[in-house]
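Both complexes below contain subunit A, partnered by subunit B and then by subunit C.
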Partner chain A sequence: MSVFSELRRLAEVPRNERLAAAARAGRPVIGHFCSYVPEELLHAAGAVPYRMRAVGSCGTALGDTYFSSANCSFVRRVMDQGLRGELDFLDGIVFMNGCDHNRRLYDNWRHAAPDTGFSYLLFVPHAGSPACLAQLRLELVKLAGFLGERLGVEVTDDRLRASIELYDRRRRLLRELAELRRAPAPPVTGTEFLALMLAVTAVPPEDAVDLIERALGEARAGRAPVGTPRLRIFVTGSCLEELSHLELVESHGALVVADAICLGARTFDRDVGADGDPLDALARRYLGRVSCPRMMDDVKGRMAYTLEAVRAYAADAVILEKLEFCSMMSGENYIATHELAKAGIPALALTRELYGGEVGQLKTRLQAFYEKLGNRS
Partner chain B sequence: MIFAGIDVGSLTAKAVLLRDGRVIAWHVEPVQATPAQSAGRVLEAALAKARVRRADLARVCATGYGRHELPFADLERSEISCHGLGTFTSNPAVRSVIDIGGQDCKVVVLDAAGLVDDFAMNDKCAAGTGRTLELLARTLGLPLGELGPRALRSRRALPVSNKCSIFMELDVMQWMHQGRRVEDIARGITASVARRVAALAGKVTLRPGVCISGGVSKNAAVVRELEAALGVRFVPLSHDPQVMGALGAACFARLEHGRARQEDRRVQEAGDPSEPMAAGPADAAPACPGCTGGSP
Partner chain C sequence: MELKPYEIIESVIAGAKLGTQVLDKGPAAWAMLKAVQPFLFHGEHRLNRAARFGYQKVGSGRWTPGELAAYRHDCIATLAFFQRVLDARDGREPLVWLGWPVPVEVASGFDDVAPFVPEAFMAIANMVGTDGHVACLEAVEREGIADDICAMDRVSLGAYLLKQIPDPAAIISVAHPCDAGRTASQLMEYISGAPAYTINTAYTKEDDDVMAYSKNLFEAIAFLEDTLHRKYNWEKFRRGVRVLDEQNRLLDEITIMNQAIPSAGLALNLQTAWGSKITGSGNPELLESARITHKVGQFRLRHPRLRRRVEKFRIIVADMPIVFSEMYMWIERTFGGVVVGDYIGDAIFPPIDMTSLETMMMGVARDRLYMGMIKQAHGAARETVDDLERQIAHFSPDCVIQNGHQGCKHNRALGRIVRDVCRRHGLPLLVMEADIFDKRVMSEAEVKRQLTAFFVENGFAS
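Right, the complex of A and B next:
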């Protein structure tokens, strides 16, 4: 069986047998929100980091008792899952001040107290200045102390270096696979790559490395699932985990060849490195890699990343993805749309609810956009 | 050679038949339970009007929300592209299209060939669409076709929200409970819809030669309010503005047929250059030349 089938299976369920095996072996499973939470720190404390997601969610009925309908559908769905007891395999969750909705999720979680172990809020600064780096390091020290006490494993520098080495390896392998998508006939579709990202952030990192190596092996063996695409697409945005949505984007001969999303480049861009103080290195990497719109001082950096990736991956157009009521992406999309127009790069901004349906309207927008691009070629 | 375009929307299904670039028949009727049923009925009705058979059709193109569900369609195009090419075919001066349908609203900017250059489309909210007008006409106790004429008789529009159709209905009910004139409420509704559509139009740069299509274009009050809000006079269309999507689809069927014939010829010439395939009338022109009438 192709490893891509296994990855897809792992991506489509909230929990899996590899996670269960790790838990049986005595390793706590710790959920975390946002790509700004250093998984290395959780791993060094003996835990299996689990990237939070709404996969398998059945709606927002219970989540809506804590949130209004003007809150992001991701937090409403995760809250709903928590209240239904579907996340009781977790031994704790590290929340983060990624955005206001996520921040309030922490408050509501503490109030509702679902059976998911501890709740910890990691504060990550919104800029990358030296003062912010120092502040993040301080916050990481606090998190390491909390985890050490809570899980009974002291987060030593040696343990942290070993975890950094493992996660850097995972990042390098992911970048290698992403690089192969530059080919005229890419060896993985955007949907397959997203499935891989969902899978490798839901299993122990040791397993993740093995899965990515197998995927790389298949990719290098001349795999080309859709041949040469008619249109090459770069996707940027924030929370995007729905495989069905990316399948929609990859309709009518289009293929996603690169991205700047949380479950994508933001996870594997830039290594931490083994040199110097590991907490310093973690702070530098997490505030220095390709940023998300929550970072207030790096609009130019994000645009430069997008323009360079569009060039490097020979993308024909950019799709800007936003969840309804995401204020950060609203501002970002406005800026990005204008900057891309100045650069002569066609762009389409899509707004959706997570697993929210509306397939008809999205299809019409996408198809019209691709037809427009076809008219120009 | 006859080409068919079928537009299965949220409220109505439309079919247009083209022969030699001229419209020979069209038909509109409310949608049935499935897109395939709706499309089958309007196509058969149009074929009957033109007195031709389904076997006479060279190609069928589908558009609208049901476009993916039609087993007999040879190709499909988005309604955005189809409304663009349909209105351009109906009047070659058209460069911008305001299309207000049953559940969505689109603003399309065209190039000199009638193809899409830019577009904006309303989000999931139905405020500013035909569905809203239908709902609010019912609330006012008016047939849908009466809403526009009554609004045109108003001297002063009463304010009606344009946030969402439910809030609009609450405003309408409030004015009704206060015993205000139906004409003034109706004008408040049409003005509200026009403001909403004008805001959407602000997301793109309209080019001169603006027209309006879709079922709501039949509401004279919305048209007047929208012209005022945009500061334009809509250019006329030679056919029923409700069938522009189906007309555009028929044009795409014709273009695709020409493209396929050219491709066949190219392949044949490459394989056996001594026997080139005869060119048919549909591949003589690279673009749909438009039509000048032929309404049934």
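Right, the complex of A and C next:
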């Protein structure tokens, strides 16, 4: 069986046998939100970091008893899953102030107290100034102390360095695989790459490295699932985990070749490195990697990243993805639309609800956009 | 509504000038405001559109001569602040935009830099009638910016797009309290193209966190010195912080006076002080305003019978009050309900340690963390919930109202928790689906209808 089939299977379920095996071996499974949470710290404390997702969610009925209709469908779905007991395999969750919806997910979680172990809120600064680096380091010290106490494993420098090395390796492998997508006939579709990202953030990182190596092996062996695409697409946005949505984007001859999304480049951009104090290194990496709109002082950096990636991956157009009620992406998409127009790059902004359906509407918009692009050339 | 460039600021300046002159007349001003009450109190129409907001700002004909005398000082501070903005537009000195939670001291400590807070437009855009907010919001909508960003931030953005705000020489943004603020700051920076520094505020009120925040404030001042080629006047900073500390002490006591039964009835005054402090922290005029308001409160506590006639039931507004039209005085006059505590005006500030610049800067940082809206919105919900619990314990309310601000994602996510708190205390809770700045979401008439129904259903009115 192709490793991509296995990755797809792992991506489509909230829990899997690899997590269960780790749990049986005595390793706690700790959920975390957002690509700004340093998984290395969780791993150094003996845990298996599990990237939270709404995969397998059946709706928002229970989540809506806590959140309003003006809150995003991601947190409403995850809350719903928590209240239904579908996340009871977790031994704790590290929440983060990624956005207001996520921040309040922590509060509502504590209030509802589903059976998912401890809840911890990590504060990550919203800028990258020297004062913010010091502030993040302080927050990481607090998190390390908390995890050490709760999980009974002291987060020593040596343990942290070993975890950093493992995660840097995972990042390097992911970048290698992403690089292969520059080819005229990329060996991996955007949907497959997203499935891989979902899978490798839901299994122990040691297993993740093995899975990515196998995927790299298959990709290098000349695999090209769709041949040469008619349109090469760069996707940017925040929370995007629906494989069916990317399949829709990739319909009609288009192929996603690169991205700047949370479960994509933001996760594997830039290594932590082995030099110096590991907490300093973590703070530098997490505030220095390709940012998202929650970071206030890096609009130019994000736009430069997008323009460079569009060039490097020979993308024909950009799709700007946004979940309904995500204020941050609303602002970001306005800026990106203007910057892309200045650079002569076609862009389409899509707003959707997570697993919200609306396939007909989205399809119509995508078809119209692709036809417009096709007619241009 | 078509707005001429700078029309709103010019209207504020004209209104503040008029207010200063009229309120100088003492009891005659009080009588005058009573006399125009039938024309301005009940609703906005074509003839009273421009005057009604100013009238609401001075208590809708319900304030006493003492309260009016206090507000005269707010008018003087407002006038000076906005006049300086127009002077800066004309090239007299550089203008620095500050996100509203940024301590204004960061810029006001310079001798020759005009501070400006774009979000001030949330409070002043209806100086030209409630269509002022709508005009700003529509400008943003025409630009193609999504309407899920908080209306307060979109009003500021729209004001800039409509040339109501002069261009900045530099911007100091702030990472809190919410996504909308962070987004709007980035949009403002992008559209204006001005150099910017982002302050990362504290997430808790613990010393480590406040220390980190104050380091950001020092960095922001250094950034302005470098960008504007001007020296910061630390002596001016010291003077301002002393004034702030003294004003805070008075505001603390005024807040506590509202806890009495009957209360001192000064919630709207505290709300005004909140707004004035954002732009004018450290201004001695605001200290004078607080002193007079404090005396009004003392008088009322000594003569409880006067207030007992007014106060039939007590309300906590557990969210931001409606801004496009003032409701407290309407509730008081129509139903005898008195707002004793709210999200904005509740002014409990820790004293500032004056021993060094570092401790003073920490004091300024802490001051902003305890300011209404910031204190509840930053960090985890316990900041909001503990605050509501404290207000319920201290202010003895009979009911709670949550306006439900459409763009306020973090507050909208707390509905269940707030409801459970109220239920535990046996307090009726009204949650409205209004937007505090955008009357298109829910009109003044509809807000009044829902309030009326709530008061009647819960036996506060018949």
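Everything that follows uses one rule, which is that the second predicted complex is superposed on the first by the 377 of 377 C-alpha atoms of A that agree within 3 Å, B and C clash if a C-alpha of one lies under 4 Å from a C-alpha of the other, contacts with A are read in each partner's own complex, and residues count from 1 in each chain.
Going forward, a residue touches a chain if its C-beta (ideal position, glycine included) is under 8 Å from a C-beta of that chain, and two chains touch if they have at least 3 such contacts.
Since we're looking at a predicted model, the values are computed, not measured.
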Fit-or-clash call for subunit B and subunit C when the two complexes are aligned on subunit A: fit
First (subunit B), second (subunit C), both or neither touched by A:Thr65: second
Which of subunit B and subunit C A:Gln361 touches, first, second, both or neither: first
Which superposed partner A:Asn375 touches (first subunit B, second subunit C, both, neither): first
Residue contacts with subunit A in the superposition, subunit B compared against subunit C: C
Touching partner for A:Asp277 - first (subunit B), second (subunit C), both, neither: neither
Touching partner for A:Glu149 - first (subunit B), second (subunit C), both, neither: neither
Partner chain in contact with A:Pro125 - subunit B first, subunit C second, else both or neither: second
First, second, both or neither for A:Asp157, with subunit B first and subunit C second: neither
Angle, in degrees and to the nearest 10, that opens at subunit A between the C-alpha centres of subunit B and subunit C: 80
CA minimum distance (subunit B, subunit C), superposed complexes, angstrom: 6
Touching both subunit C and subunit B, counted on subunit A across the two superposed complexes: 351
Residue numbers on subunit A that touch subunit C, as the complex places them: 65-68, 70-72, 75, 97, 99-101, 103-108, 110-111, 121, 123, 125-127, 129-132, 134-135, 138, 293-294, 296-297, 299, 322, 324-328, 330-335, 337-338, 351
Residues of subunit C that touch subunit A when the two form their complex: 143-146, 148-150, 173, 175-176, 178-180, 182-187, 189-190, 196-200, 203-204, 208-209, 212, 215-216, 219, 379-382, 404, 406-407, 409-410, 412-417, 420
Of all residues in subunit A, those that touch subunit B in their complex: 351, 358, 360-361, 363-365, 367-368, 371-372, 375
In the complex, subunit B residues that touch subunit A: 65, 68, 77-81, 104, 111, 113, 115-119, 121, 123-124
